[in-house]
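Heads up, the next two complexes both have subunit A, just with different partners, subunit B and then subunit C.
Up next is the complex of A and B:
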């Protein structure tokens, strides 16, 4: 029972965005992120335009909105842990503070500069998450790797990534099976000392995966592996790709320059 | 621990990216020289292993949960250069596949967990082992201490980066994050030593740093 697409779900749909060359998507979406994080926090209109661009691309790609929104919630824990209290820490209060009635020291108030910092990280991290989801749900992982390879990413890392990607599903499956076996034996681990059980699971997971890797390596050698994969060449950049890059960069750069 | 986009200032992200790229370049060269082509599949599977192991969450307190980082375990098993590459790869996959950690903050995330987590924990472990005589108990004690210290070190670094970027004041974020991670670090230490003893029981040859215990 494998979840074959938990990294790049919906990457096999057919849409104008899916059929773009992976290189042009990587370039445009990476520049979108750079432009977004370098925009000053009070340029509300600029962030509106970036968000509009990302949402239009998502709409064009036919990837279900519900899936995108659900997946984008991954950013929440970090925001809650680090940023939620920022608006309350600065001194320049907007509106009246709420006092808890123990004198002045414990008054909680929302500050303008704190709110701006909070808005800044919230909008930038959310645009970042949406952009990456857009990239991974419109490009299959092998195509993405090919794109990075053609953009001169280190070959060793590309090789490593393609191996890892192949085994991810096998090992994730193994973890799901082990979890099921553990839970059916009444684990109920609610406390820190149950970490020992998890340690045993991870230990046997390591041994199983290491021995699998040894077997696979021997099998590969005996089938003529010489340290390289032969992959199907991806088509080169087409007119549509150049149009996509030009159009998007014109919108984004002019927004960024006008917002400065 | 995966910093999203927009939390850190551009300067920090660029500096951390440059540092990570340099260390990863060195690590690629070192792994290529030391280990040969056999190592690519092995490293690939180990990276998938760390990725899968991080799926197992353990509850900490008050509804929060932590998961295994694996930097210390990997450093003890495979040495710092391989660990740095493995963690870099896991972070890249988590960023691209799960949108966990921002693309513009990827350099910083790799610096914190791969470079400091991998090389840092290796050197702490080697130092601790020097002061402790070779025995299995001492080996495990060194592994446990290193795991805890590594988690705290990485957390302190994240807090420092957030403070320098002006995102949240040091006096607030530092104790808050370190407090939670002091407990997560204990979990990390328990898991690292348990995993090591499981491996020690059946494949002691896989522990690169075991020496003659």
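Up next is the complex of A and C:
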């Protein structure tokens, strides 16, 4: 183990949100996504309420706001890249437009419906990102997987995610080791030469992973694996979980219905 | 049940698909309750031999585990009887938590939830790693992972335990602890290693393998003090470093 990296940082804090059953969190936050995505773009108040709900849950969970905002901002550039041109493409131009002085055809104008679509994409993806951050920073990955499994998500996907989580760090360590080995023997050089080295590294990483997969499989069948992954049951949902689901769904659903 | 036969290998040949001959007629017999070291240099075929004990690899020749022939219809039973602790714990620990990793084998044996839980806890206690139960394997040190890997096999209560290089990459004190842990396990034990110190601590008998066949099968002591034999097989027991050999004046 060379580096301690955590995908689910803060998931070991103690708070009312952390102690909820992962299943109830998954249900509520998944429904929040669906409700938010299906809300009419012009219901600004509704989006305000959704955001308020998510932020109050974050506050309750004691996960630092700074961390949440920092993480959520990673996604925004991608969304903006995709959506930025929409306001300029719609027909119903408003605001007179900006002319470059040649008159007529080269006027760039912003359209109202385009702006609404832009806002729509931005706010919905942001709420989505916040929701996912909330879920992942209040639930450890293991519990999250169990929650999904008990909610009857496909077993195959769960296994895939669980192996990925387990070996991501092993692979990352391997990359770091290779990088160190390379850097210890490499002093400068042209970038083309570097590209070649990186190519070799990727190739050998692929081979190593392939061989590791084989060894892991051998270790699995040595312990009687026959294609069935039995897991240990988790504690069942408590009164608090049902209260959480009912309360949140009432707020969200009524907002959604009133906003329609 | 001592003196019954646990593992019986007769004239085992194996070559890899590219034609490299790895095992060229291995004959050995390991008795119930014995601790036997299989030693030999790099590339001698030790690990290949080990993978035959539970039928992961199948060469030509006869292998019997207790009274069962190593063949497809017995495979499930044999894999419950023979537990292998692999060299690299990262290959053996693939579940999100230590607990689940240890429960993996017992779960595959279709035991009840209660039985699985008690076996996991027993294995955790035997290796004194109870506090690691809910941790994820990638947060553990190498020595800890090694012990968890042993626990995963221990929980299956296999009659035969096979260890592949259990002491590699361990510091001396961790190695001592490992020796103690392995010694406290009651089973037929096969230790595959190049580390004669470890072999001497754990086993009363040793089998030297080189060039794909058994070179010598004898009592531990007989092998340890046969310097010529050890040298021929790239092995070393007594500290041969300059400072140990030269006498202080």
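Keep this in mind: the second predicted complex is superposed on the first by the 214 of 260 C-alpha atoms of A that agree within 3 Å, B and C clash if a C-alpha of one lies under 4 Å from a C-alpha of the other, contacts with A are read in each partner's own complex, and residues count from 1 in each chain.
Here is the rule we use: a contact is a pair of C-beta atoms (placed from the backbone, for glycine too) under 8 Å apart; a residue touches a chain by one contact, two chains touch by 3 or more.
The shown structure was predicted, so the numbers you read here are calculated from the model rather than taken from an experiment.
**Student:** Go through the superposed model and pick first if A:196 touches only subunit B, second if only subunit C, both, or neither.
**Tutor:** Touch status of A:196: first partner only.
**Student:** Answer with first, second, both or neither: which of subunit B and subunit C does A:72 touch in the superposed model?
**Tutor:** A:72 contacts subunit B only, not subunit C.
**Student:** Please indicate which partner A:223 is in contact with in the superposed arrangement: first for subunit B, second for subunit C, both, or neither.
**Tutor:** So A:223 only meets subunit C here.
**Student:** For A:117, is the partner it touches subunit B (first), subunit C (second), both, or none of the two (neither)?
**Tutor:** In the superposition, A:117 touches subunit B alone.
**Student:** Return the chain, subunit B or subunit C, that is in touch with more residues of subunit A.
**Tutor:** Residues of subunit A touched, subunit B against subunit C: more for B.
**Student:** Touching A:43, do we find subunit B (first), subunit C (second), both, or neither?
**Tutor:** It touches nothing on subunit B or subunit C.
**Student:** Quick check on the superposed pair: does A:34 touch subunit B, subunit C, both, or neither? Answer first, second, both or neither.
**Tutor:** first
**Student:** On the A-aligned overlay, A:166 touches which partner chain: subunit B = first, subunit C = second, or both, or neither?
**Tutor:** both
**Student:** Quick check for you: in the superposed arrangement, does A:212 touch first (subunit B), second (subunit C), both or neither?
**Tutor:** In the superposition, A:212 contacts both subunit B and subunit C.
**Student:** Which parts of subunit A are touched by subunit B and by subunit C alike?
**Tutor:** Subunit A residues touching both partners: 141, 162-163, 165-167, 170, 212, 216, 220, 226.
**Student:** Please output the residues of subunit B touching subunit A within their complex, sorted ascending.
**Tutor:** Residues in contact with subunit A: 2-7, 10, 13, 24-25, 28, 31-32, 37-38, 40-49, 51-53, 55-56, 58-60, 68, 77, 85, 88-90, 92-93, 95-100, 102-104, 162, 166-169, 172-173, 176-177, 180, 183, 186-187, 190-199, 202-203, 206.
**Student:** Where on subunit A is subunit C touching in the complex?
**Tutor:** Per the touch definition, subunit A meets subunit C at residues 1, 4, 141-142, 145, 162-163, 165-167, 169-170, 212, 215-216, 218-226, 228, 230-233.
**Student:** Would you pull the subunit A residues touching subunit B in the complex into a rising list?
**Tutor:** Residues in contact with subunit B: 6-8, 30, 33-34, 36-38, 71-72, 74-75, 78-79, 81-83, 85-86, 89, 117, 120-125, 127-129, 131-133, 135-136, 141, 144, 154, 156-157, 159-168, 170-172, 174-175, 179, 189-196, 198-207, 209-210, 212-214, 216-217, 220, 226-227.
**Student:** Mind listing the subunit C positions that touch subunit A in their complex?
**Tutor:** Those residues of subunit C that touch subunit A are 51, 54, 56, 76, 79-80, 83-84, 86, 88, 90-97, 99-100, 103-105, 107-109, 113, 116-117, 136-142, 152-153, 156.
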